[in-house]
Each structure stands twice: as C-alpha cells, then as structure tokens.
C-alpha cells in the first residue's frame, strides 16, 4: 500500500479520525454540544474534500478498494446523509437523559463501514465494510437502553444479521473454493473463461444473495425491517433506511456490473422473484398499518422492490435510474423520519398515526413537509420521488421488462392508498392537543432548518432535476 | 309589408320575455295587455301579409334571420319560408290564438299564476309560429320541441296538484318518443341529401328516389312517428286525454287548435316524400282510420266534459290523417282549419261551463244550463253541430264531407277508409249531442256560480260565427262549387286525382253522410232525452266494453306493463350501481391479503429465522433447478 | 503426507453449517442461539481454510482471522444486549421478546 | 409566453391567496377572484384578436417552448390552437364562478381552499395547452392532488371514501398512460435516435400495429376513466356527491373535459390506425354510457348523484362523436364539452344552493318549491331543459351535431343513442317534478336565490341560450383543429366504417 493509495483514501481517514477525536473528547469531558459540533465539522470537511475529486477520478487500491466516480458519488451521498441524520439527532437526543455522546462515534463508524462497502471490489473489503456497519448498528439500534423495544430490536437485528452474514461468508467461501479468487474482477474473468459452471458456484451465489437480501430487507428476508424500524430511535431508523441499505445497493450494482450478472440467468430470475415479491408483500403489509414507523418500514421494502426493477433493467440507464432513485429516496426518507424525530418526546416516538391527526392545523409547515415526503414516496409530480419513479419505469420500459413494470405500476397504486391515508389524517379537522415540553429554541431551529432544507431539495429535484441528472451521468 | 314576416314570431317571444323577466311583480292589467297585445299585433300583421300574399299572387317568400350554424356540408339558417300552407297555419295560430288569449284574461282572472300563464302562452305561440314558418327541418324541430315544452308547462300549470305534474310529464315523454323517430328521420334525410332545407329536399327527392324506394319509405315512416307522437294518433295517443289537466284555454289552444295538428302540418309539408313512399302514405291513412274509430268509441263513454272533447280531438285529427293518407292534402288542411275553429269554441265553452260550476267536470252533474247560460249554450250548440257535421249549415259538414267523398272517390281511397270514416261520423254525432243534451237539457243539477263576462263571451261568438261561415270558402261543386281553399293551396300541395268514373257518385256520398250525421243526433236524442233508461241498460249490458272504452282501450296499462314498469324496475334494482361491486371486490381482496401477510409478522425471532432459512432453501433449490 | 480432497473439507464445513443452522432454529435460549450462529460463522471460516488450502493461498486463512475477530466483536455486543434483555424480561427465552408485531 | 403567464398567474395567485388568508379571508377571496378574472380577460383578448389564424392549416395562435429536462428530451412546450383556446376560455370563465360559489360556503381553512382551487385550475389549463407528453402527465397529476384535497377536506359526510376513490382511479389510469408515453418515447427514440417527448415529433411514429394498439390502450385508459366511460365511471357519482359545490362544479365542468380533450388531441392523432380499429368499440361504449347513465340517473334520490349520472350519460355522446371520425360529430363533441360544462355545472350550483337551504340532497324531501322560489325554479327549468337537449339551448346543438355526424358511422348505435334522449327527458323532468312541482309541505324557510347566486346562474343561463342560438363563433374557432384531426383519420384506411354502415343498410 503506497503513498498514493493512502492519499486516495483520505475520506475514510477523515471519518475514522473523527471517530477517534470524539472518543478522546469524551474521555476528557462529556459535552453533547462539543461532540455534535466536532462530528458536524468533520463530516462537512469530508464532504468538501470529496467534492474536490474530479468526476473522472479512477484510482484503485489493490486488491481491495477502487475509488471511482460512482464510489465517490455514493460516499458523498452517505456522508451528506449522515450529516443530516446527525443534525436531526441533536434535538432528538437532547430530550433524553441517556449518555448521548457515544452515539456520534457509532454513527460515524457506521458511515465509515458503508463507505468502505461502496468502494470495495473484493470479498474481504466487502466483508470488512459490512461488519463495521453492522456491529455499530447493533449498538445504535439498542442505543436507548431504557426502552424495552429498543433492546428487543437490537437483539433481533444482531442474531439475524449474524445469521445472514454467516450465509454471506459461506457463499463467499464456496465461490472462493470454486474459482480461487475473491476479487470481483477475478470472478468475472473466471466466469467468462468457464462456460459451464459447477453447482458449487451457483450455491455460492445463492448464499451470497441471502446475505445481501437480508441487508436490503427484500422478501422473504424482510421480517426484521418493521421491528427494527419501530424499535430503533427515529434518527437511527433514518440511518438504517438510507445509509445501510443504500450502501448495500451500491455494492450490489458494482458487483453485478463487474461480473456481468445479467448474463447469469439464475441471479436474474432470483432477483426478479425477490423484486416482485417485495413490492407486493411490502405494500400489502403497509395497507392496514397504524404505526407510521412500521408503515414506512414496509414501504421501504416495496421501494427496494422498485429499485430492483431498475437494477434488473441494467445498462447505463438502469444504473443512473438507481442512483437518482437513491438520492430521491434518501432525501424523502430522511425527511419523513426527521419529522417523526422532531415530533417525538421523552417517553416515546411519535409513531402512532393518531399522533398526526390534524397536524396541518397544529404545525402547518411540518405537516406540509411531511405530506411532501409522503407524496414523493408515492411518486407524485413536483417531488423528487416522481422523477425517480419515472426514471425507474423508463429503465424498465426501455429494456421491456413488462412484468416488472406492471407490477411496479399496480403497486404504486396500492401504495398510494396508505400514503394518502396518513396525509388525510394530518389534514383531518379534529385537533387533539399533544404538546411536548419546550426545549431550547435552538434545538428546534436546527431540526426545522434540516427539514426545510430537505423539503426544498425534494421540490428542487422534482421540478428541476437537470443538474442532478447530468452529474449522475458524468459519474458513471 | 311581407318583409315584416320576422315580426310575427318575434312579437310573442318578446311578450313572453318581458312577462318572464317582469315576473309576478307586474300588475294584471299590464300583463294582460302585453300578453294579448303581442299576439294581437302578430295576428294583425298576419292578416296584412296574407292580404298582400293573395293580392300579389306570391308563390313563396323566403327570409333569413341569421345563419344558425354551419359545419362541413351542413348549414342551417334561422330562416323562414312563407307559402300558402304556412299562411293558413299562421292565420289559425295567430287569430284563434288571439281570441283564446282574450278569453283567458277573463278565465284566469283570479289565478295567482296570471303572468306566468300568459308568458307560457306567448312562448307557445312563438314556438308554434317558428314550427310552421321554418324553412329547414332543424328549425322546425326547434319549434316542434318548443311547443312540447310549453305544453308540458301548461298542462302542469296548476303544479301543486301532484297528478297534473305527472300528466304533463307523460305528455312530454310520449311526444318525445315520437320526436326521437323524427330526429332519426332527420339524420337519414341529411345522410341522403346533405341538406335539411325542406324545399331543397322536396325538389331533390323525386330525382333521387324512384317511387316506393326503400329509403324514402323508411324516412317517411320515421317522420310519421314524429307526427303520430305530436298529434296523439295511434299508438301514442294516450297522453292527450290526461293533458286536459291544464286550464281550458290551454286545451283549446294547444290540445285542440294548434299543437296537436303539428303532425298534420309536418306530413303535409313533406308530402313530396310520402308521394314517393306509397306504403308509408297508406299507413298514414290506416292509422288515421283506426284512431278516429277507437277515439270515437272512447269519447262515447266519457263523463268528463273535457275528456269527451279530448277524445273527439284525437278522432278528428284521425280524419285529417286519413285525408293525408289518401292524398287529399288540401282537404286535410281545410278540415284542420275548421276543426281549429269549432274545437277551440267547444273547449272554451266547456271551460266556461266548468268555470261557472266551480270546476265541476262531470257532465252528469250539470244539465239544464240552456236557460242559465244562453250564450254559452248557443255557441256550444253551433260548435257541436259543426263537429257532428250537421249538413249545409255548418262548416264542419263541408270539411268532413270532402274527406268522406275523397275516401270513396279519391284515387287512393278505398271502401274500408270510407266505411271507417262514415262510422266515425256517426259515432261523432252521437257523442257530440250526448254531450249537448246531458249538459244543457234536463233539469239543473249544480247551481251556476258566476257568469262569464264580455271578455269570455266575445271570443265564443266570433268562433261560433267562424265555425258556421268558415265552410263557405270551400264548397263541393254539387252545391256552389267554391274552391278558394284548394286554389290557395294549389301551388303548394298537389290536388287530389279522382278515381275514374267516381265523379257521379259524389252527391250520393253527401246524402249518406248527411243522413248518418242526423241519425246520430237522433239516436243521442232518444238515449239521453226521451228515455235515458235505455242508455243505462246498454251501458250495463255491455259493461266490459264500456270499461275498455272508458279506459281508452287500456293503452296506458299496456305501456305500463311493457315499458314504464320494466324501466323503473331496472333502474331501481341497479340503484347502487352493480359495476361498483366489482371495484369494491378488488378493495376487499387487497385488504384480505393485507391481513393475511400481517399475520406472518409474528414478532417471534425464530419465526424470522425460519423465514430467512426458507428463502435460502428456495434460492438454493432454484439455483439447482435453473443452472444451465 | 497426502492432502484431503477439497470436497470432503467443504462437506464437513457444510455439515457444520447445517448443524449450526438447525440449532439456531430449535433453540429458544438467546445465548444458545448466539452460540449456534457462531458455529455457522466458524463453518464458513473452515470453508475458507479449505478453499485457501485448495489454491495454496493465504487469503483463506486471512478471511478466517477476520471472521474470528468479527465474531468476537459481535459476541461482545451481543452479550451486552442479552444482559439488557434479561434485566427487562427476566428470561432468556427469545420468544418472550415479541412486543413488536403486525 | 402569454400561455406561461396564464398558468403562472393562477399558481402565484393561489400561493398568495393562501398566505393572505391568515390575515383576511375576504382579501384571499378577492385575490383568487382577480387572478382568475385576469386570465379570463387575457384569453378573451386573445380570442378577440385572433380571427385570422383560426383558419385551417394555420400555425399555433400562441406558443412557448422552453427546455426543461433536456437530458430526457423534455421541454416546457405550451401551444394554443382553436380547441385549446375554447377550453381555456371555458376553464377561466367557470373558474370565476367557482370562486364566487365558495364565497359563503367555505368558511373553514379559506386560504388553503383557494390555493387548491387555483392550482386545480392551473393544472387543467396546463393540460389544455401542453404539447409535451411528459408535461401532459405532469399537469395531469398536478390537477389531481388539489382536487383530492378539495373533496377530502371540504366535502360532505362521506368525503374521505370519495376522495380516495377519485384519486386512486385517476392515478391508476394515469400511470398506465405514463407507461404508454414512455413506450412511445422509446419506440420513437430507437428508430430515429431522437429521444423526445415532443408531440409533433411523436406524431406518426412508425411502429408495429400490435404495439400501437397497446400504447393507445394506455392512453385511452387515462382518458376513458376521466371522461368517464361506463365500466370505469363509478368514481364519479361518489366524488360529485361528496365534493363541495365548487368542487363538483369544476369536476363536472372542467376535469371531465380533460379526458375528452385528451382523446381528440392525443389518443387519436398519435395512433390513427388503432383508433380506427377501436372506433366501433368506442362508439359502443359511448352508447352504453348514454343509456346506462340515463337509467341510473332516473333511480337516484340524491340530487348531486343524479346529476353526476347525467354527466356519465352526456359524456357518452363525446365517445360516440369522437370515434365517429366525421367533422360534424367532432364539432358536436367540442360543443358538448362546453355546453355540458355549463349546464351540468349550473345544476350542481343549484344542488348546492338547495343544500345550503335545506341541508339535504334528497329530492324525496323536496317538492313544490316553485311558489316560494320562482326565480330558482325558472333558472333550473332552463338548465334541466338544456340537459334533456331542448332545441334553442346549447346542448341541443352539441347532441344534434354529434348524432348527425355519428349516423353515417353507425346508424344502429346512433339510433339507440337518440332513443337515450327519451330517458334523458325522463330523469330531467323527474328533477323538476320532485323539487319544484307538487304540494309544498315544508316548514323551513326557503329564500329565493341571493344576489350572489343570481350573479352566478344568470350569466350561465344567458351563455347556454346564446350558445343555442348563435353557436357559429364557437364552431368557427374549433374548425381548424377539428378539420385537422378529421383529415388525420380519413387519410388512414377505414375498413370499419364501411362495415358499420352496412349494418345500417340504408344507402342507395
């Protein structure tokens, strides 16, 4: 590992050093504000540094990592998202008496793991990134120790994650045993070389899929999603929904494009089945859900299904679609959970649909932003979600995956129902007063600033997506 | 002068407009002046134009108000066409209309809807004038529907009576059925000629169609459908008796003198097509013949004064159709005019009686009015005489006799028609004088409330004079041989050809007709003056027949069973849209799935692990199946 | 000395994996579930070793060390969580932790 | 550019009204009103000015074409021709009354209401002028959301259900259209390697008959549901009966027309071949709609529901006319779009007025109101007569032309449709009968129309009569468009039409 490699990994260095810095500052003196600011600044710096990379940057750290446009873009996305999460976390944890500081260390580490994930081109680095992400997530999910549900979610996630990563590893091992290489490229070459492939490889791919599928939360590996979403603190949920899933998808895209997954009928079939299943099951489950967090969890399942449509469509258009969809979906999800976070109080998160009755008349701006987010999830014009969905459908139609496209359409109609239901509740006349006690106004200013920012980005991307589109185009 | 033609429909329209806008705020005097004045002026102009038309021997006058609408090869103008035929109708509508307006001023004097009444009446006259003046079928259709609307409004004039409203609705809907046929006829005509200008069609038709052409026949039948609806002929006649729910002047103007004869006008107007469709024309005759008989029979059994008149109207129009059917065009128009006179007279007189007896409609509760209301009595008598076609003195004799004679002697006439007409004539005179005797003779049963003023008497007298003298403009050449009417109509309507060697028998026919009419009167005299018991005996002896006739041959029941009930039933059972069930089903299905899947989310860790394992197994199995 | 064929190694690893899996399924005690998962992980590790041996590379063993380290980390966090659970539920029965469902 | 302004004015006005409302509702209403009136004046000015370019073969009266998302070949392309001109005029004209209607009815969340109201109008106006398919879908959706809120927040008792139903029906069909649009986009792109959503470029894109058929169905789905055509109509009665008066007014008056407009502007010209194949079915659907709607209307007791079904029936004429492919029929359709908007809209206004007075929409509880509300009765008479197609009123021209034009295409169906007019008479007179005629056995006070209501209804009545007597101006305005799309059809082989007229069997 030479100097250039070290230099090219600076974004990762910044993250890890930020974590360590926090660590020390805690050992000196616990201060929420300080930690918060350190985290904020380091993330900002990281992001700014990333923007300095040229779009066509291509630098690989043999044999594990490759830093290219796609990777940089996704790291940037991850860092930015983490930034948002951190910003909304401050108010959220300020209300709670737990020791808040370690939270920031964990979240930075998780971000780091996910960052490694998106630039890895080797099973080892994949595994490394994945585990850094997962282990810090275990702690994050169960961070609010006082909450029973928090712990339950934590243990569930831990066991299942470990279980699935066992599959992942075993799959890797099989592939390694069969092919003798663990780098994606090597695998691709091997596949190109060997026409007929041994069952060993197939099993390898199969088990790999299980591991990946779990992280993505696609049917039938989805069952953890609602529980974890519900149990985890709102900001953490936002993080899981965005960074951890997004990182995995990015990795999947890279893996597939390198090994030409679209030639492998098995993988295509498997993922088609998973996609369709996820769309339907996710939406059906969400239909009669009265807990907003769970509802969003189920909707995320179906959204991964939508993403897989673009993923299966493949090609440049497909990848662009995925990337754009991720951006839109990140903004939307952050917004949604951010609002849940801001509305939450000491005892519990504002997760029951009843908590939102008549919100429009109590806190108009919050309500409007939230409805904007929901409409974006439903893919209604003027929002980023619409362009994203449009892009995905376009990719599907382009490669005439009619089955998938129709499934998508049907599901977005079903999905409409429950998104609208939440909105309807918010716009309902009856006003029930549910006031959380006042905190320092600054706290609110931060979180509402974040919300406003997200809302604006949402609309901006929906109305004028041109810049983002071109950016994505160029990164690929 | 003639260029003032456009004023004739415009004046009533303006009258109606002002009355509607002013609303009930207007004092009655003013409303009356506006209402009658507009028609009066129109009548005056009509007379002047008519005079000029006759003196200058104009064949036709054409006047375009404005181009209504023009699309592709269709171009419809809001334009008028005046020729002899429309002139006759113009005269009747405006003149009789004016008299009836005058009468109404008295009749409606205490009614709260006074202004509204005159508004409708004016509007009606306007629409009717448009109908007869229209130079194209679309404008004619406008008038056609317009009069329908007014008739609806006027039948339901006393709307707080639930049943009046329904009678009105019935009238509108039944005529609308006919109108539908007419409309389709229009579409076909346009499809063939690419124009809806009447004169153009009439000139083009012979060039395009050979006599008996299929299309011509079809179109002719469709037009006939329209005519049948408006003129209350078989099978759409049953609305007219119920239409009597309206005030008497309305019955006089709309349901006797003018609107119901629109069908006659239409067929006469489109005679060119019927000449090319002999089959259709024959059916016009047949319908007329049957209608005049069954309506006559029903008239025999009615007790309500106005219903008798209503049925008699149906049967008289039947005569006109018969005349049209045998190509006796001018005879039909002639009878129309005379009928307008005496039937308006009869209705107005009957109206007066009913009005005087506090809305007593049943004539068996009247009687002995001869002395009480002499004017009404004498006028009514003349009207009745004219209706029963009492020989020589009455106009009705001449008009009806012409039809009878041509039914026998006309080229298209035949024995059946003649017999039917003759029987009809007999029945007519019987029920007419039954009416007269029962109402005006015998002892008084109901006390006369208030007596009609001059406003109501004058129109009666004028109409009485007309229904006596009106016949003098057209006399058979056996006596006098005056042919003003047929000469006038000559240029518009072809004259009727006689069957070879039938000329001689005309006098015979007239004698037969005269005797039949008189014997009818005699019979009525015997049954209702000499020994009324016999009448009751007859009634009770053939009770069923009596019931059947009384109910107008049960056509209403028939239609109820065949059309109305099924329609209502259908719409009722499907009130909550069966199609909606399908979508409801979809929703239910989705929610079912929702519940089912929700049950899989148990929250038990091992269950989740199970799920993952199952998925893994599935995938591995798949991989072993699929791998190439 | 003659080497064992790769297949046997893999079969052994597979069996181990299967055993671990089954015991995760059948066990209700959270600690035992954790242990069983560890077994599965180690099965994967073994598979790596075998694979590595097949190709005569060190990568397999490297991966194994990774796995062991990760496992250690996981177990530490896991045990901490299990402690919490025990405080709240007063039991280690995983089925007791089913507050969240539907 | 002026087109852009019209839409911007509405949107800006909406936002402004929404903000102002927090201080003064009156000013909010005034702002809304002025912005609509402003647009009306603009369009009126255009109409007055543009005599020349209405002639056939003329270019667009007004056009604006800005790049929007070039990487997809999406441009913000609006253009105005005769048809759009009429529709815009209608939209803004009715818009005024929509605002006036809510003057008293809406006392609750006034600002947000007017925001939605104006945005619906903006969306509709957009649909009427867009020439970019992506933009079409965009506006198509933009008009739905505010409408959803209008129904869902200010509606009657069962509003939520109605709102969902409306939203999901229209959304589902809209998405199918989106699929079709994308399909067309890629078909065109793959052949010419020019990826664009531009209407004029996508016209006569060569493609396999099969594909064309599917794509057209995608478009039809959206338009037929909006129209609505019978199997897909069930959202309409609920939406209408639950929506606030202004909502029903706009739904009936404008939103349904977007479906008709879509058929004429997009579905037919883009897929001439399949359209001709579909024609007999289209006409059949239309006829079924006419009869079914009429029968349904007759049995309803909820006044607004009844009127809703009458619109189903009237929209049947649109289907019938559009797929007859004759200039006369198309003119009839255009006329129908306008006159139906006015007459049915007015009927909803009356229903609203009655509801304000009696707090019920059940006509069985009414009757004999003529004595007490003569003015209302007279006005209602006008619109009832309009809805049964009485000559002299606008609807007659529309229905007459439609039927006349449809006759050569399919005599049988036309005959049935004409017979449907009898049913129309039945239900129309039923309205009069139940509400205004009969015994008046009611105690509650029933004032006649207020000045504001007169201000709304009298202009509508005048317009409907004017359209009945002097329709030529409208016909001329639409001629250019109609002739184009008519030629468009006639250039393509028409086996169907021959077949159909055989059925009539009356040509010598």
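By letter and in written order, the chains are A, B, C and D; residue numbering begins at 1 in each of them.
Here is the rule we go by: a residue touches a chain if its C-beta (ideal position, glycine included) is under 8 Å from a C-beta of that chain, and two chains touch if they have at least 3 such contacts.
Chain by chain, the UniProt names read as follows: A = NADH-quinone oxidoreductase subunit N; B = NADH-quinone oxidoreductase subunit L; C = NADH-quinone oxidoreductase subunit K; D = NADH-quinone oxidoreductase subunit M.
Predicted model, so just to flag it, every value in this text is computed and none were measured.
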Chain occupying the middle, per Cα centroid: D
Distance-maximising chain from subunit D - centres being C-alpha averages: C
B-D against A-D, pair bridged by the larger set of C-beta contacts: B-D
Subunit C and subunit D, separation of their C-alpha mean positions in angstrom: 66
For subunit B paired with subunit D, centre-to-centre distance based on mean C-alpha positions, whole Å: 38
Length of the line joining the C-alpha centres of subunit A and subunit D, rounded to whole Å: 44
Whole-Å gap between the CA centroids of subunit A and subunit B: 79
Contacts with 2+ other chains: residues of subunit C: 24, 33, 94, 97-102
Touching two or more other chains - residues of subunit B: 598, 601, 603, 605, 609
Multi-partner residues of subunit D (each touching 2 or more other chains): none
Every chain pair in contact, whichever chains are involved: A-B, A-C, A-D, B-C, B-D
Complex contact set, residues of subunit A against subunit B: 155-156, 159-160, 163-164, 167, 196-197, 199, 202-203, 205-207, 209-210, 213-214, 219-221, 223-224, 226-227, 265-266, 269-270, 273, 280-281, 284-285, 287-289, 414
Residues of subunit A touching subunit D in the complex: 361, 375, 380-382, 386, 390, 393-394, 397-398, 405-406, 409, 412-413, 416-417, 420, 424, 427, 429, 464-466, 469-470, 473
Residue ranges of subunit C in contact with subunit B within the complex: 21, 24-25, 28, 33, 94-95, 97-102
Residues of subunit D touching subunit B in the complex: 165, 230-231, 233-234, 237, 295-296, 298-300, 326-328, 331, 368, 370-371, 374-375, 378, 385, 390-392, 396-397, 400-401, 403-404, 407-408, 411, 414-415, 418-419, 421-423, 425-426, 429-430, 433, 436-440, 469-472, 475, 506-508
Subunit C-facing residues of subunit B, complex: 598, 601-606, 609-610, 613
